[in-house]
Amino acid sequence: MTYLKSRRFIGAAFTAITILSITRTITGNGDLTSTVTIAQALVFASPIALAGLAGIWAERAGVINIGLEGMMILGTFGAGWAGWQWGVWAGVLAGVAFGAIGGLLLAVAAVTFGVDQIIAGTAINLLALGLTKFLAILLFTDAPGGGQAQSPPIKGDIPTFTLESIVEPLTALHEKGIFFVSDLAGLVAGLFYHLSLLTIITFLLFVMTSYLLWKTAFGLRLRSAGENPWAADSLGVKVVQYKYAAVVFSGMLAGLGGAYLSIASTIYRNGNTAGRGFIGLATMIFGDWRPGGTAAGAIMFGYIDTLRLIDTGNQNVKGLILLGAIILFAIGGIMLRKAKRNSAIGFLVLGSVMIGAYFSATSFPPEVAQVAPYITTLLVLATASQNLRPPAADGVPYRKGDHH
Amino acid sequence: MAQNVLAVELAGIWKRFPGVIANSDINLKVTAGTVHAIVGENGAGKSTLMKILYGMQKADEGTISINGSELIFSSPSDAIDAGIGMVHQHFMLADNFTVLENIVLGSEPKSGGKLDFAKARQQISDIAAENGLAVDPDILVSELGVGDRQRIEILKVLYRGAKILILDEPTAVLVPHEVDELFNTLRDLKKEGLTVIFISHKLDEVLSIADEITVIRQGTTVGSVNPHTQQVSARDLAEMMVGNELPTPQSVGDTIRDEVVLKVENLSVFAKGGKAIVDDISFQIRAGEILGIAGVEGNGQAEILDALMGIEAATGTVHFKTEDISKKSTRHRRELGIGFIPEDRQRQALLMEAPLWENRMLGHQTREPNSKGFLLNPRGAKADTKRIVKEYDVRTPSIDVLASALSGGNQQKLIVGREMSGDPKLLIAAHPTRGVDVGAQAAIWDHIRNARQAGLAVLLVSADLDELIGLSDTLKVLLRGKFVADADPATVTPQELGTAMTGAGKAA
Amino acid sequence: GSSGTTAESAAPTEPAAAAVKVGMAYDQDGKGDGSFNDAAFAGLSKAQADLGVEIKEVNSGASATDATREELLTLLADGGYNPVIAVGFAYSTALAAVATKYPDTTFAIVDSVVDAPNVGSLIFAAEQGSYLTGVIAASASKSGTIGFIGGMEIDLIKAFEAGYIEGAQSVNPDIKIESKYMGAAGDNTAWNVPEKAKTATDGMIANGADVIYAAAGGSGLGMFQSVKAAADGGATVWAIGVDSDQYTVPALAEYKDIIVTSMLKRVDVAVYDVIKAVVDGAPLVGINNFDLSKDGVGYSTSNSAVSAFTAAADAAAEKIKSGEVVVGTTVK
Amino acid sequence: MNLRRIGTSLLAPAIGLFISLAATAVILIVIGASVSTVFSSMWNYGTSPRAMSLMLNLATTYFLSALAVSIGFKMNLFNIGVNGQYVLGALAGAVVASNLTLPTIASLTITLLVAMVVGAAWAGIAAWLKVARGVSEVISTIMLNFIAIGIISYIIVRTSVGTETSLNVRGTKLIPESGMLRGVALLDPGTPIYGFFFISIVIGIAYWFLLNRTRFGFDLRATGKSATAARTSGVQSNRMIIVTMLLSGAVAGLVGLPYLLGETGTYSLQFPTDWGFTGIAIALLGRNNPLGIALGAILWAFLDISSGQLILEGVPREISTIMQGLIVIVVVISYEIVRRNQVKSEQTSVAKALTKQEAKV
């Protein structure tokens, strides 16, 4: 099993790097696989990944968490406020604690009172937005360096690490532009360049989640609350407690994601989650409610965002277009082999359109890159939705003693 | 083990739900090392009582004693700790979990915080081997059939070391050889000293396996019999259950006309994996004819009905009169005059949170008196609902109450009344009198018989063999998606039919 | 009538001026952005201190409409506030409507033109100021590559970019200028994403840029962070601030060393002037173009590091004032 | 019976309102403001003719948005995408209207149709993804919102559609006065009530009629109450999903029009882009019932409008956002509690009535 899994993983990674490398070679755009790009993509990916992970926790226990955005907002605020008062680590803790309050609220509404979960989540989003703006005005308006809409700077820094011994030679190798080798070098170097301790924590949380949820009794029970809470209840599992634990922890993770954002910007600002809670939710679905896939989805968002922002002369967007085209062709090819003609034609046509666009335009407006992750998400879901397997009782209100 | 030790003693159990008393003063004594059956009508309160014994629900009054000591259960874990295990009427399995995960859930073997999969696998295969319950622990439950699922449920209980086993209608979904296997297992368990409490509606089964039988009627225990020492028949038990003599469904006279109303050729329905659930069957029904399908539940009855209604995809052809309706929508089929009483009334036939008169429209929303053209006609629907309530004796204070407020039997009466409205040409009915009390049952039979007289064709699926034999003009036996025998309702006995349903022999 | 816990206060020392009540309306979430809105507030505070006027600040809130902005201005005018100052071009339609209804009140609007006899339109030749920072950037750059970080990609900000580019090219025609906006027009998050501005600046620095100018509201912070990180890493890089003299902004104190200068858009001066004019009884109405000649725009010299480039910048300023150079507002 | 039902359905919002008012009072006390002054000045201001006119105008927008959301809710479809649908609809309406020189009626009809078609088409993508590809509409509509924002900025910034309508304001060309629907000054001479206010009343009635008096409405409600029962009754669920989403999108397409045609005459980059979320909240408050939605929209608009007065009192206007959030969360919880009790009490009363019946027999 694990052997198969690791082989599949290596295969997927190999394919991904090859496709990136082909694109990089054709476009001659080193940014696509450079150390800096990858390092930055991780920074952008982390808050989204944390939101996605938060989604996994709640939904694996059967509670849809559309309130992630609100919990993240609470997290950004908590981090900004406590970080300004007592330093960056207090900010992290406060972000987590504020997120937990959001989670608790969702648990009360959805688990205890059985309110429709999407409705409860929406209400939390509203409440979080109003509350943080209000508190910002109260607490930050007269603070030096703060304002009605932003906190004063967070004190202190999260340590970051650069493994010079790896980064330097690999970055040099990257600059040589050798097919595959240089790209791999850039990717690996990016993982050890300006790596924030919070990113490492994020990574560890993913590992911990995989382990806890899939390898321990605790995880089995928690997931049973999302698959068949009635069965779990009949075996003495305290379903409500597990749901509470999962949703509150979900809020903590979302809050941490928010804290990450505030800390990355050194301040809290109204609206600086910019919809990342929703994007996290999308990556969770994209990743089939599993940590690995969710992380991949988050990295995609981070990667595209990075390329857009470090772009010079709009060439990265062009690269992305070609990358997208190659991926579409690859999927189309797989579909053809699986004899899914209609889907295959769809992908090949789309791929051709993008190739056409690539060769006919010298540059693309930044809006293209701005919407690219969302379109990609839609495409992935359109391709894979039938194979995705949400927890069977996800979103179903559970009341002790009731049966379905 | 001494025969007189009481494994379970329930005394003076009361349980009230809003509007209904599920258990009233129940007293039950189960001797250790026996198979003790509990029988009673639908809704008599059997499952409720078992849930109380298993700690899933709390009794309002009464005491529970296990092996002589009085205990209070506030959750299933308490009951599990007391050595009680329960296999529920509806399977309690997580489909996306493996067999192993389902079995160990809640009592996982651990090594240092980690779930010890190796140990679990070992324990499960040991128990499985001991009891002849072969399963692959690493397969997903979603890939398993009902027989396997049942085995897993029993394994779950044994895995927890239960000494008292509650089985709530375990045989309802099993095919006969699976029933035999189950009974063999139960006998083995009994030999090992386990106590089994067994609920079933199949009285002959009960008589064959039980050492003692308790009858529950309307929430209270009305008596116990010992089939080893007392001479009791299934019919005797049934009469104890309902409290008076059973009415007999009997269709008199031949009303069959020449006109073929429904003609089905080579109908097949396939499961997701490609397995045929309904396997190439053909039949026809004429006007004025009632065709009964006998069979153990889960042999494809529900799928045939859904396919005929266009709810489930199927291959083969279906003709209504002369029209080929194989590709037609459900709505079209209904508009042709096909009435449908589905198996699962609450999920398929009712809007539980809508008033009765809106439920009157359901499935008939395109026709008079419920609508004119594109507009609804609430006044017409209300008037007609009142008619149904009167004619079918639906017990309700008003037609404005929500369907969920009615008892199951009354819900069923409303559905039957609705589906018999508007002069249907064909009625496709599953268990039309399930959960209906004796008086109403007779009334429903009368309605069906009268319509038959007027030329209604009926496809009848029922678990009640007397009903099936009594009403049908023609009988077919369904086993694993195929018709395996025909029976003549004039001569066949329920025993013979029952045997044929198991595939053991040909019916007369 | 109002009582409560507000920032309003009348200076008791100058009873004569106590009659003047200034209403100030910010857009969206209001002040605290460390640049534009805060500059307006600085002018207001100065007026409060120097002229003893009573002040009242309001903000339009998220998803404001012309109707709600109009109502806000109406409430101020109704409450006897005079002048009423609207900060931001989003108020233009609303202000036009209110100004006709209150002909006896003096209004002012920042960054837009409203044609009414009782409105002072305060517009700024940001392109001229940016031209000067472009001159400084090109002079300071050793690599021949400089950068520009914009907030939302709208015409107002594009004028900053245009002036910056022209100024830089006037020094070095071959200079390479990288520009990046944090969000498309309409994407309101563009002003609130310092972490993205940081990345964009990182990218520019990686591509050799050694002077970066940001006109990006709250996102500009990220530019300072990136430049600071690069400077800490040993590179010689400079940041150019915007609107206020960001070298002196307390919230940015930790970055002051790398802020060589800031393009000054003297909203504070304009606001003060408007208030003073009302206090003096000669309201400032009509179009007031705060350009170089009026010192409405300029660059800051509080960081002594800029002294090496002031000669070039001042020369350029003279050319603009004399009309020898006309700075465009659109990027060519 | 029915009176009781109405009573109980008013109970939940009443509880919600009360609790959130109480919580707000606590917050006010904490920040040291006078509770009675704040509430009374909110009330006094909110009931002035000018504020009421503004309130009705804003409520018109909210009403349409909530209606669009609730069409989906009625059959358990969560159209989170009203934002994207209305901005695109309003932009298309603005472009078309600004290029028309027709009599008002003709111009308005075309503008409305275009906005509805565009809104419906955008929602249609989500519908197709759900029906054909099994993609949850919750997630697809969220993605489509982000994409819509990108499209709008592209069109306004980079195509000839966008012009500078006044200094620094970029938007579509101004709509000629013949294409506008300004409204009438009913309450306050200076503040006309949008013409769209009256149109939305008609739409509300049409919505009620469609849902409660037509076969289509019955199918839709039946699907929402029980998808399996609806299917057995002959409702084609995929078709219902598509039609419902298109309908929801069409109404969503109208959301921006009251403001566009009553006020701005241009779709500019200042056009608010989050009325869809407001609509979700109001649909929840109004229990998907047009009358309830109308009341919810007015309440919401009241809080929005009177928050302007609040800042003059020195209280941050965001207190009204907090009140809105509190009201929503408390109301949905109390709706659930009330609903449960209602079902239980109905069952009990049926049982009681039956026992009595039997006793008589």
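Note that the chains take the letters A, B, C and D in the order they are written out, and that residue 1 is the start of every chain.
Assume contacts are C-beta pairs under 8 Å (C-beta built on N, C-alpha and C of every residue); 3 or more make two chains touch, one makes a residue touch a chain.
Per UniProt, the chains are A, B, D = Unannotated protein.
Everything quoted here is computed from the prediction, not taken from an experiment.
Asker: Which chain is most remote from chain D (Unannotated protein) in terms of Cα centres?
Answerer: Here the answer is chain B, farthest from chain D (Unannotated protein).
Asker: Take the average of all CA coordinates in chain C, do the same for chain D (Unannotated protein), and state the distance between these two points in whole angstrom.
Answerer: Between these chains, centre-to-centre, one finds 37 Å.
Asker: Averaged over CA atoms, how far is the centre of chain A (Unannotated protein) from the centre of chain D (Unannotated protein)? Could you give it in whole Å?
Answerer: Taking the mean C-alpha position of each chain, the two centres sit 30 Å apart.
Asker: Averaging over Cα atoms per chain, report the distance between chain B (Unannotated protein) and chain C in Å.
Answerer: 76
Asker: How many angstrom lie between the CA centroids of chain B (Unannotated protein) and chain D (Unannotated protein), rounded to a whole number?
Answerer: Centre-to-centre distance between chain B (Unannotated protein) and chain D (Unannotated protein): 45 Å.
Asker: Counting only residues that touch at least two other chains, what does the list for chain C look like?
Answerer: 59, 62, 153, 184, 187-188
Asker: Could you check chain A (Unannotated protein) for residues that touch two or more other chains and list them?
Answerer: 133, 275, 367, 370
Asker: Among all the chains shown, which pairs meet the touch rule set out at the top?
Answerer: A-B, A-C, A-D, B-D, C-D
Asker: What residues of chain D (Unannotated protein) sit close enough to touch chain C in their complex?
Answerer: Those residues of chain D (Unannotated protein) that touch chain C are 31-34, 37-38, 50-51, 54, 57-58, 149-150, 152-154, 156-157, 164, 166-170, 190, 259, 263-264, 269-275, 304-305, 307-309, 311-315, 317-318.
Asker: Help me check something: in the complex, which residues belonging to chain A (Unannotated protein) touch chain B (Unannotated protein)?
Answerer: For chain A (Unannotated protein) paired with chain B (Unannotated protein), touching residues are 215-217, 219-221, 223-224, 227-228, 230-238, 389, 391-392, 401, 403.
Asker: Could you list, by residue number, the parts of chain A (Unannotated protein) that touch chain C in their complex?
Answerer: So the residues of chain A (Unannotated protein) touching chain C come out as 31, 34, 36, 40, 43-44, 133, 140-141, 144-150, 152-153, 261, 264-267, 269-272, 274-275, 305-306, 309-312, 366-367, 370.
Asker: Going by the contact rule at the top, pick out the chain D (Unannotated protein) residues touching chain B (Unannotated protein) in the complex.
Answerer: It comes out as residues 1-2, 212-219, 221-222, 225-226, 228-236, 343-354, 357.
Asker: What residues of chain A (Unannotated protein) sit close enough to touch chain D (Unannotated protein) in their complex?
Answerer: So the residues of chain A (Unannotated protein) in touch with chain D (Unannotated protein) come to 66, 105, 109, 113-116, 118-120, 122-131, 133-134, 137-138, 275, 278, 281-282, 285, 365, 367, 370-371, 374-375, 377-378, 381-383, 385-386.
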